[in-house]
């Protein structure tokens, strides 16, 4: 199973709505099971540097099928995955990337959000995930 | 003036609709005046390799403020811009990328479409451009 | 609003003058709102490796609309943006990059300076910023 | 001998003036004997894609100590340097890049100009070269 464009666009729209509720400007990226970009939106005035980060968060979440923040815990100095960020052309391992699952709990893609604090990035990403149930 | 996300999404939707009319599957990318990605959609089953091409077409169209196919006429062997494709991290210079103008005829971004014949790519891109008037 | 070449050159000249006062040799880069290079100067004998760093500092400051040193505080081990430097083709997050604002306090670009201590880099960058008021 | 920043800035200014006389908008880059950027200016409204091209032209001219257009004659299909553009991270081999010589006819750097026809690019680059005599 792979995420459809319709599902990906629903995730992007739900994330945008959550961002507006929070009063923040986000870059929002959705990738499919192959970690390839499926849908993307950059809200007006969102940080330019977050464009790339949002896509990398989505890819990172799918590369390892876990939240990006979980990987970041393991990639610290002394950690078991120290500096894993050097792989795959550059990972982003702080919160804001989450795998997307379908109703059967299969991973069908991932979402990455960047533009504010990592807590808000994660909250907005989670809103996108919920829209695909 | 810079394209808004609302305008960019309208362009992506209009392009998708045109693609469905033609029975083709497209990758559709919209960039702003800084040539940075603003909105993107990959239709279900569209060529994976066209993902990157659609983004490069949009960027190329904005880099030189002209249709990508025009640049390709000049970059042929013996042409004045031979092998210009090696610049800017890789250009795509066949049809499918078109600058987007506002009602005042100012360039506010560009659209790039890839997924079928270059004629269909261009037709779908043009539908996106028209949606931003 | 986007920085003009005249403004960018004024920033580069003011930065050069400050560097001469301090007796240091700097690379000085100014980017526009799209984070694209607008003006650049490498003072005679300035570190060659600082060429790339000055451009990355300017881009980084515009990517997130804040001083590069602020980002560096958050990207340390254990910090919320740990290893953000892996994004956008490589960020530089120590001091020396500063957004440039116009009289209306709108960000119109950014300056990046590299060639000496980060304190001096920042001081020289600040002189460039002040020249655009 | 290496080009000084003062000489490089004189070249950039002379090129700008020639561009204004011709009514064209150029990106102008000067590199030193090490092919490293020394001075750069992007005129307001100049093609964004020409930023990278101007720098590559300057580097290409210094890499081989000849006008970029000369290399382009040899890199055509069937030519002795076919597709040399793939080297050095991407060369640009159409006109607009010219080595800069001092009064002793030693090469001290190179200039690259991009933003209009290759004829105008070359004319503007030549104005820059002449300013360093």
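Labels for the chains are A, B, C and D, by order of writing; each one numbers its residues from 1.
The working rule: contacts are C-beta pairs under 8 Å (C-beta built on N, C-alpha and C of every residue); 3 or more make two chains touch, one makes a residue touch a chain.
None of the values given here were measured: they were computed from a predicted structure.
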Winner on C-beta contact pairs when C-D is weighed against A-C: A-C
Distance from the mean Cα position of subunit C to that of subunit B, given in whole angstrom: 32
Averaged-CA centre spacing for the pair subunit C and subunit A, given as whole angstrom: 29
Mean-CA-position distance for subunit D and subunit C (Å): 25
Two or more partner chains touched - positions in subunit D: 48
Arrangement of touching chains [line / ring / star / complete / other]: other
All chain pairs that touch each other: A-B, A-C, B-C, B-D, C-D
In the complex, subunit A residues that touch subunit C: 47-50, 52-53, 56, 72, 75-77, 83, 85-86, 90-94, 117-118
Residues of subunit C touching subunit A in the complex: 34-35, 59-60, 62-65, 77-78, 80-84, 86-89, 91
Interface residues, subunit B side, partner subunit C - complex: 32-36
Touching residues (chain side subunit D, partner subunit C) in the complex: 4-5, 8-9, 32, 34, 36-44, 48, 51
